[in-house]
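Here is the structure we will look at, set down as structure tokens.
Chain nomenclature is as follows: A, B, C and D, assigned in order of appearance, with residue numbering initiated at 1 for each chain independently.
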Amino acid sequence: MKKIAVFTSGGDAPGMNACVRAVVRTALYHNIEVVGIRRGYRGMIDGDFVPMTSYSVSNIIGQGGTILKSARCDEFRDIKWRKVAYDNCVKEGIEGLVAIGGNGTFTGAELLMENFGIPTIGCPGTIDNDLYGTDYTIGFDTAVNTALDAIDKIRDTAASHDRVFFVEVMGRDAGFIAMQCGIGGGAEKILVPENPDSIDDVIGTLKSGGEKEKPSHIVVVAEGEEIGNAHFIAQKAKEALPNLDIRVSNLGHIQRGGSPSAIDRIIASRMGIAAVEGLLKGKNNVMSGIIDDKVVYTSFNDAINKKKALDVDLIKMVKILNS
Amino acid sequence: MKKIAVFTSGGDAPGMNACVRAVVRTALYHNIEVVGIRRGYRGMIDGDFVPMTSYSVSNIIGQGGTILKSARCDEFRDIKWRKVAYDNCVKEGIEGLVAIGGNGTFTGAELLMENFGIPTIGCPGTIDNDLYGTDYTIGFDTAVNTALDAIDKIRDTAASHDRVFFVEVMGRDAGFIAMQCGIGGGAEKILVPENPDSIDDVIGTLKSGGEKEKPSHIVVVAEGEEIGNAHFIAQKAKEALPNLDIRVSNLGHIQRGGSPSAIDRIIASRMGIAAVEGLLKGKNNVMSGIIDDKVVYTSFNDAINKKKALDVDLIKMVKILNS
Amino acid sequence: MKKIAVFTSGGDAPGMNACVRAVVRTALYHNIEVVGIRRGYRGMIDGDFVPMTSYSVSNIIGQGGTILKSARCDEFRDIKWRKVAYDNCVKEGIEGLVAIGGNGTFTGAELLMENFGIPTIGCPGTIDNDLYGTDYTIGFDTAVNTALDAIDKIRDTAASHDRVFFVEVMGRDAGFIAMQCGIGGGAEKILVPENPDSIDDVIGTLKSGGEKEKPSHIVVVAEGEEIGNAHFIAQKAKEALPNLDIRVSNLGHIQRGGSPSAIDRIIASRMGIAAVEGLLKGKNNVMSGIIDDKVVYTSFNDAINKKKALDVDLIKMVKILNS
Amino acid sequence: MKKIAVFTSGGDAPGMNACVRAVVRTALYHNIEVVGIRRGYRGMIDGDFVPMTSYSVSNIIGQGGTILKSARCDEFRDIKWRKVAYDNCVKEGIEGLVAIGGNGTFTGAELLMENFGIPTIGCPGTIDNDLYGTDYTIGFDTAVNTALDAIDKIRDTAASHDRVFFVEVMGRDAGFIAMQCGIGGGAEKILVPENPDSIDDVIGTLKSGGEKEKPSHIVVVAEGEEIGNAHFIAQKAKEALPNLDIRVSNLGHIQRGGSPSAIDRIIASRMGIAAVEGLLKGKNNVMSGIIDDKVVYTSFNDAINKKKALDVDLIKMVKILNS
């Protein structure tokens, strides 16, 4: 293998740059040329390639976002456009790809491989942590700490005013962020899609808290939460408990940005190295992940389709920790 | 004067605890007894007084929120309940009050003084910075830096995806927070109530930015902005510029919390000292503020009713800085 | 078991308070009374016990340091004083202990058990991560991120002035902190006690960096590094490479403080729960740790005497990542 | 004026990049060409000029350090080399200079003007805040908050172990940083060069603190403090008070780096705009500063030679706030 390309795709996540850096430097270490593709599959179709040197990735390990940019690319679902993308790669002399992103990214890579046989290894870059085949995805730990910092701030004002706050955090269909920042933030209740709570449970918790003279509460709600989003649940709670001062805060996009945490920089670096070294060993169509602190490769098929389980036993902790 | 009381009222602000600490310690320094009133006027009516010692305020200088708590108290508008509050103060032996809060807080204090003659000095504690008689209010600098940090994070994701973000910040009827964190965050446009912008201006800026190949933008919107809140303006912009990827982020209550910045701790300490020493010198019905780095006292009447001007010339800066 | 005690001992670590909170609330959840012992073994000898309620540990999950305080206690090596400590526990009705700390803490607990048979479970609280029987110790992730933040700041000034910085981090005889924050900070070289580097290696790296027109460097040095501390190594490097602008920064005690990270709060909570539930199940003389995300108990003997290996393969990463 | 140059010189300070950005964009706004000179006077002698566009300064407002780099340049004291520098400027077509830095930077600029008549305006960029003609220098507020954050962390460990910490902060011959972060950090004592304290005073404070059962203390020491540096003073205190557990922490270079605070970004932007607009108005040999929130120009001569007074009355606050 003489030349590879690296790109980021899907929602940006802190640590993607650390991963790009690792891919570039590992390629150079093995005397492989490396180009960056800007805006993911969009740039692959447009032929938006940039040569990468050691200097291109200098001092980006601590930067949020992705210097290679990311974009939606609906055309990529059409084999006609995948052909264009593939032809661009061939013209550029690219013999392997490293794709940093989530589910959608890997689906695209799998199709490209299936149609045209270009070897690809993925690195799990998403704040949601919802990928099978790795304990942590790149960006998850940073997003959790950002959300936790926000919850700490909201706790200040909740405690000062004896208020109840429903805090909505990201996570699409997965409660990983909610669970971590909820436990870390000392939330009185955590609502995640994996664990159906009835509105009555929530109201019960708030009610018994009020009776214990603990009138300030934080309820963390994952955006994908089954019984409705934070505003909806808060509305129901207000109706049932009109004496409580109930507020809602949707943390929103701040959870995607910021300088990556130590863990995110380290796993991004390890996964990036593993991706390039995997390509060199002939691996293909797999995601490099870390399980029990060891690098493992999981087929794109499994990474996309298998469900990573949230340890719902952690929810029991919440009850104990609020005794 | 042998005994005074201190309380916080209105929306909590970072640095209120630093101010409480300064009030308590300054009183003790002058051999004056000091009690805290919990939950502001609410606690004054309920007789919820707690004796304060040097130890009560130990290690609170860096804590967000207010250890004395705050609450709404609509009854206080009724002289009947103000009489109850006053009687409680008399019973407790309180000869002077330090009120930490904003407009509403000082209005209450003024009425109490008018009705019953209890000397009160205020300290401006509000993140909004909308009080006449001080360059900075306690909490403003921290809120600005919190909002700035959020904008930096949002910039990461905006730049990665070539997006436009409308970021709504706090400020009620004042654009101080928006202006500071907008300039600090390198915003392409800042919308404040003091400076009427038409929707067309906003759209024009976004359009010309797109033409300059600068497709990512941050527009900071103060919550009191005349032409509508961030969601409304964003909707209009989407209609006019359907090709842009436009998002909204409402920073919300995180702006109230967090450990106070150096400036907030220092001005809170200075104002707290000045409040107690003002009471000792026979001052009354005034707010202690800092103008041009010097402590000044402003009558409650002026602090409440005069309008602190936002330097709208700063808005010109935004245009220059985006050249 | 009707009553237990919890204490912190040895160097303080962020997350100790989260662990104290978990111990207290878990005990209450199981209807067990719980007291705190102030200043570790010192307080056990002095009989410095404080009853703990749910409210005692309210809002401490995010606080650095330890509300129970910590202290050296050389007398505890003498069985005479251990007898005094034990008698105090008996008098207080304490039937089990939870000890939060490191090596020295567990050695004390083991002796106490051996002499007088009081059941004890430990929670690994030390920033150094040098305890066998757990992947992470409480405080480690926070300390790493604090050091990383400092290195990021130093990188700003190093890059602006083309300087070389030797940054000394904590870790006693272990390179865990150095390795994590070195990789995360993009250090050009990491010196840890587990991996003997000669001065010549360091000088060689700096020299080749200079030739690559990469004149700014960060070298992270663990305080226990064999070939000498940061000042000594920097001195040698200055002598060999007089043209480089070489500086030293010893990060010092800031690494111990600060609000704990999400991970530290979560593992502290899990380990605290596991400690109390372990006591209830009759476990004794063990440390509760987390390996591969599962709670495990390790005998004090192993925790103290077995050596936790640093993955020195990570050092190879440093070479690759600086290609 | 058709073309100007901007450079940074002396110790780097957070906000220098925000100032460079403002200078570049203001020049472009007025249709003036602008180049950057790398490494200050060093680059002026070497002819190391880089053309600056709006894009060159994109997304640097929040970056620590200086993208234009800085360096010592002893040759510049020699008129022979200043002639070389000047000739390079003339060759490049540079008609005016904006110099961002401190005392030494302005001394160089003054000489260059005196010898060859090239108009220069300075922007005060130094964390030390020791320049006459401005309330705040660029970088000061960030450095203070960085030091304050470190002191907060050290307080955690000091309080947990009942320790006394001597914390040395930067400031060369000025106590501005020490004073601000000392008051903000609730220090029990602040030692600054402007206010001679005898060792006995320090020891007296520590002693009386110990008697008040307040055994943990923070003493902030400015690096230029007259009675000796932190290590020296701590040694004396240890000898006098052997029962106290006394430690030293030198915060060092972390104080120079990091993302600038809101204030630093705003004043850097305002001063940068004022520098370019000053040049356009024919101003010369002056520093743009901000006093009482208004832009003012002060001659280099005054900025360098007049002494900015530290408000030593603030020291009285320390005594009151520790009552």
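Here, a residue touches a chain if its C-beta (ideal position, glycine included) is under 8 Å from a C-beta of that chain, and two chains touch if they have at least 3 such contacts.
Here the structure is a predicted model, which means the values were calculated and not measured.
Counting only chains that touch, the fewest steps needed to get from chain B to chain D is 1.
The greatest centre-to-centre gap from chain D, using C-alpha centroids, is found for A.
Chain A and chain C have centres, each the mean of its CA atoms, that are 29 Å apart. If you average the Cα atoms of chain A and of chain B, the two centres end up 35 Å apart. With each centre defined as the average position of its C-alpha atoms, the distance from chain B to chain C rounds to 39 Å. Of all residues in chain B, those that touch two or more other chains are 152, 155, 159. Pairwise chain contacts present here: A-B, A-C, B-D, C-D [touch as defined].
Within the complex, the chain D residues that touch chain B are 21-22, 25-26, 28-29, 54, 58-59, 61-62, 135, 141, 144-145, 148, 152, 155, 159, 180-181, 183-186, 212, 214, 259, 261-263, 265-266, 269-270, 273, 292-293, 311, 317, 319-323. By the touch criterion stated above, chain D contacts chain C in their complex at residues 8, 11-12, 14, 63-66, 69-71, 146, 150, 152-157, 159-162, 165, 247, 249-254, 256-258.
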